[in-house]
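Order of writing sets the chain letters: A, B, C and D. Residues in each chain are counted from 1.
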Amino acid sequence: MSRSRLGPNRYGKAETHVVRVTRDGETHHIRDLTVSVALSGDMEAVHLTGDNSAVLPTDTQKNTVFAFARKHGIDSPEGFGLLLARHFTGSQPAVRHARVAVEEHAWERIGDGGHSFARRGGETRTAVVHHGEDGTHVVSGLKDLVVLNSGDSEFWGYVKDEYTTLPETHDRILATEVTAQWRHANLDTDWEESYPRARRHLLEAFAGTYSLSLQQTLYAMGDRVLDGLADVCEVRLSLPNKHHFTVDLEPFGLDNDNEVFFAADRPYGLIEGAVVRDGAPDPGLAWS
Amino acid sequence: MSRSRLGPNRYGKAETHVVRVTRDGETHHIRDLTVSVALSGDMEAVHLTGDNSAVLPTDTQKNTVFAFARKHGIDSPEGFGLLLARHFTGSQPAVRHARVAVEEHAWERIGDGGHSFARRGGETRTAVVHHGEDGTHVVSGLKDLVVLNSGDSEFWGYVKDEYTTLPETHDRILATEVTAQWRHANLDTDWEESYPRARRHLLEAFAGTYSLSLQQTLYAMGDRVLDGLADVCEVRLSLPNKHHFTVDLEPFGLDNDNEVFFAADRPYGLIEGAVVRDGAPDPGLAWS
Amino acid sequence: MSRSRLGPNRYGKAETHVVRVTRDGETHHIRDLTVSVALSGDMEAVHLTGDNSAVLPTDTQKNTVFAFARKHGIDSPEGFGLLLARHFTGSQPAVRHARVAVEEHAWERIGDGGHSFARRGGETRTAVVHHGEDGTHVVSGLKDLVVLNSGDSEFWGYVKDEYTTLPETHDRILATEVTAQWRHANLDTDWEESYPRARRHLLEAFAGTYSLSLQQTLYAMGDRVLDGLADVCEVRLSLPNKHHFTVDLEPFGLDNDNEVFFAADRPYGLIEGAVVRDGAPDPGLAWS
Amino acid sequence: MSRSRLGPNRYGKAETHVVRVTRDGETHHIRDLTVSVALSGDMEAVHLTGDNSAVLPTDTQKNTVFAFARKHGIDSPEGFGLLLARHFTGSQPAVRHARVAVEEHAWERIGDGGHSFARRGGETRTAVVHHGEDGTHVVSGLKDLVVLNSGDSEFWGYVKDEYTTLPETHDRILATEVTAQWRHANLDTDWEESYPRARRHLLEAFAGTYSLSLQQTLYAMGDRVLDGLADVCEVRLSLPNKHHFTVDLEPFGLDNDNEVFFAADRPYGLIEGAVVRDGAPDPGLAWS
C-alpha cells in the first residue's frame, strides 16, 4: 500500500445551461448562460472513505443556479458569478473556495414583437470568478472571436536551422481565433459597460497593428486593453495562427499575388502570452 | 460469389477550404468558401477492376477549385458552384453529372484599414448545384441559424395516448436552429440579392407567426419565402425543437412564471418538411 | 399570397439516449442506444393551421422508447426499432409511416464483478427501420470504423487534365472511416448473429483487397457482404479517403520510403457507392 | 500608454499529425501521433517590437517532428517527446524551455497481410514532456476512457441545504469518462511497459471499488496507480459524472428497479483531484 495524500481537488456541477427571460411589458429581455461551479475545501473524508457529510451535491449546485436566476436575475456574467461564488463559500463550513465559470451566448432582436431573437454567433463572452480565503478574483474574457488581416502582416528575420524551409514573406494573411481573458484589480466595475469596451480594444488593436509576428500582435492587443481599462491589471491571450497558405497556381499558368489561399486546419501555430500592468496585484488563484 | 451490380455512386473532393481576397486599392474584399465536389457517370470500370482511366482525381478537383477562384473570382456561392459543375461535366466524357456543394462563412469589416475582418458567426450560407443530363439545379440555403421566441407560442390539443405525460401549455419558449434550403425554378437570378431576402423572410416569418406548433411555424417560414421570391419553387426546412423547460422552483419557495428555463441538449424534437409552390417543376436530382 | 402545398414531411423525437441494464444475478448486461423516431402521415392540419389533433407529441415518443425498453427489453437495435416502428404506425390513424433510427454504443466487461464496463470505442452500430403502407424495411449498418492499409495500395492510370498535378504512385497508404449500411430482403434474421458477420466481412474485404483505387475497395467490401449474408440485398458505403501524404524529407538529407506520413484532415476524397444484388427487391423508402 | 511587461508566454506548432510506418518484411508496424510543441525563453523582443531573431518558426518545429520520426523512429509517446524537447531547448540559446505534448491513437491488426489495421477507439494515450532549466518532467496519461459500474455504487449522507432536492440512493449507475495523468519521479522507465500497467490499474480500481461517492473512486484509482508503479509520484484525475437517471415509468404502470436509464449530457458533475505519494518531488512546471 502506498503512502499517499490528497492533493489539489475540486468538484462541482459543470455546464448548467440557464436561460432567463425578463418581461418588460411586451418587450422581453434574455440572458443565456452556461454556468460551471467548482467547490473546494475540507474534502479529505469523502475522498478517503466516501463520507459525504461535507459534500454539497452537484445537483444542489445546479438547483442554486436556477433559483438565483429567479431571485436575483442575471445582470452580467461577472455579477451572477460573484453572487454564486459568495453563496457557496458561505453555505457550508467545509467549502473554503468557490470557482464559478460562466459563458454567455449573445442574442440580438429580430422582428417587431419584442420577444424574438437570433443567436448572434461570433464570440462567446466568458467570466471566471473565484471567492475564498485567498480573496475574490474576477477574470472577464471572450473566446471564438475569429479575425483576419489581409494586409499589414509580414514574417521574416527568424532563426533558420537545419529543419527550416519556410520562405520569408512580406505580405501574408494573419488570422486567428482569439481567446482573451482580462483580470480585474478592482471589483467595483460596471461589467456591462466594461465588456464591450475590452472587446472593442481587442479588435482595434488587432486591426490597427502592422504585424511582424503574431506575438507582436498579441502584445499589442493585451497592452491596448490595459490602456483602455484602468481596472484591468493583466491580460492573457491564446492566439492560434490559422494558417492561410498561398496556393501555387503556376502549374496552371496562373499567378497568385496573394489572392487565393488554402485555409488549413491542422497543424497550427499557437501563441500564448500575458501582458501585465506594472504593479499588478498578485493573481493568487485567479487563473486556476 | 454473389451476382451483383454497381448501384448509385459518386466521388469527389470534399471540403476544400478556399479564401479569395480581392484588392480594390486599399480596400480588400474577402470570400471564404468550403467547396465539396461529387462527380458521377460511367464509373463501372474503376469499381469492378480498379481501372482509373475514367477517373479525374479528387486532387485535380481541388486544384480546379483554387484555379477557378483565381481565374473567375467568386461572385456568389451559387455562381461559383455553377461554374465548377459545368466545367466538370464538360471535362471528361465519363463524367455525366456534377454536384457542387458550397458553404460560405461570412466576415464583417473591423477597423479603418480596409483589410481587417471578423468572422460574423451566426448562420452559414449554403448552395448546392447539380449539373448534368438531368438538367441544372440550384438550391440555396442556410444552416445554424438559431432563433427563439419567448412569447406567442403554445402547444396543446395534441393526441394523448397511454405514454403521454406532457402537460399542455399556452405559453412556452419556441427555439430552433434553422436549416433551410430553397430551390430555384429560374437560374437567371441575382444570387447576392436573393440570399439576404430569403434570410430576412425566414426571420420575419419565424418572429411574426403566432405558433401553435413548430410545424405551423415551419410552413409559415417556407410559404413566406415562396411569397417573397418569385423564382423559388420549393423550400425545405429542418427545425430541431430546442427545448427550453421551465424549471420547477416551488421546492425553493419561488414561483416561475416562464422566467427561468433549462435549455436541454438531447433528446430534441425534429420537424422536417417541404413547402412546394403549385406548379413547381419536377426536382429531378436537385435534392440528392 | 403564394399558392403552395405541403411536401414531404416528418417529425419526431431525435436522440433519446436510453441505457438498459438487465440483471442476471450478479452478472449485469447492458445495452446503450440512441433512438430517433420520425413519424409521417396525415399532417396537413398541423402545418396549415396549428391544429395538433393528429400529432402524437415527441415527448410521448420519448416516453415510449423508455417504456418499451422496460417492457420488451432490447434484444438488438433492429429488433427494438421494429417494435417501436410497428407500435407508432398502429397507435394513431393519422400516423401512416414510422422511421426509427438506432445507434448502439458497445461496452466490454472489465473487472471480475459482473457489473463493470468500458465503452469499446471504434465503430458505432446503426439500424434504420421503416414501417408503413410501403412495407417494412430494415437497414443495418455501422459508422466511424477507421481502417488503414499500409501496403497493397496503388493509384495511377487516371485521367490527367490541365489541373492535374498529382503524381502516380504504386505504394500508398489507404485509410478510410467506413460508414456502411446493408439492406435486408428478409426480416426473419438473427440480428445479433448477422451484425458481427457483416462487420467481419467488411474488415476482411478491406484488408484483403489489393487496391488500385478506393472505388475498387468499396465495391469489394459491398460485394463481400452480399456474398456472406444471403438475406442482404444491397450495401451502401461512404468512404472518405483519409489522405496520408508522404512527407518530403529531402531538405533535411533524409529519404522517406513511405515511412513518415502527414495525416491530413481536409480536404478529403469522398467515395460513395452502392452494391446491389441481382434481383434485389425495390428499396421503396428504405434509404430515406 | 500603460506601463506593462510581458508575463508568462510560450509558442509553438500544435497538433502535427504524424504517422510512422516501420516495415519488418511483410509485417508493418504503425505509430500514429499528434504532437504539440511549445517553446519559451527570451522572447521579449518579438513581443515588443516584432523582432523575430530569437524565434524558431513553428513551421520548423513541424518539420522537426517529421524528420525525427524518420531519423529516430517512435518508440513511445514519452520517448519521442523527450527527444524533441531536448532538441528544441538545445537548438537555440533563446529557447530555455520546451513542452511537448503527444497524443497517441492506437490501432489493432486486422486481416492476415501484416499491413492492415483498424483504429482501436476507446481511450487516447497522452504524454506531456517538459525540459528546461527547471529540469525534465514526464507526465503520462490517457483520456476519453468511458467506464460504467451498474452496481456497487451509492450516494447518500450528503449535506442538505434549502436548494437540495436530490433523493439519496443506495443503488445507482456510476459512469465517467476518465482523464488521468501520472507524473514520473524517475525517467529511467520502460514507457511501453508502464502505460498498459497504469491503464490496467485504473480500470481495476474503478471496477473494484464499492463507491459511496465519485471522489472515493477517484482517490482509489489514483492510489492504485501509485501502488502499482513505483516510479510514479503523483496522479491527477478529472472525472465527469455522466449521470444516468432512472426513468420514472409509474405513469405507464411499470416499475423500474434500476433497469432503464436516461443518459444525460449536460449538466454533469465534474470531480477533479490529485493523489500524491509521500515524499514526491516538487512538480515544478510538470503540470503546466
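The rule is simple: contacts are C-beta pairs under 8 Å (C-beta built on N, C-alpha and C of every residue); 3 or more make two chains touch, one makes a residue touch a chain.
Note that the coordinates shown come from a computational prediction; the quantities given were computed from them, not determined experimentally.
Novice: Could you compare the number of C-beta pairs in contact for B-D with that for A-B and name the larger?
Specialist: Counting C-beta pairs in contact, A-B comes out ahead.
Novice: Quick one: point me to the chain whose Cα centre is farthest from that of chain C.
Specialist: A
Novice: Distance between chain B and chain D based on Cα centroids, please, to the nearest Å.
Specialist: Taking the average C-alpha coordinate of chain B and of chain D, the gap between them is 37 Å.
Novice: When the centre of a chain is set as the mean of its C-alpha atoms, what distance in Å lies between chain A and chain B?
Specialist: Computed from C-alpha means, the inter-chain centre distance equals 30 Å.
Novice: Would you please write down the residue numbers of chain C that are in contact with two or more other chains?
Specialist: Chain C, residues with two or more chain partners: 16-17, 63, 67, 163, 165, 251-252, 265-266.
Novice: Under the touch definition given earlier, write down the residues of chain D that touch chain A in their complex.
Specialist: Of all residues in chain D, those touching chain A are 1-17, 36, 38, 43, 46-60, 62-64, 67, 91-92, 155-161, 163-166, 211-216, 218-219, 222-223, 226-227, 234, 236, 240-241, 266-278.
Novice: Considering only the defined contacts, which chain C positions touch chain A in the complex?
Specialist: 162-163, 165, 251-252, 265-266
Novice: Flag every residue of chain A that touches chain B in the complex, lowest number first.
Specialist: 16-23, 28, 30, 32, 63, 66-67, 69-71, 107, 110-123, 144-152, 173, 203-204, 206-208, 244, 247, 249, 251-252, 254, 256, 258-265
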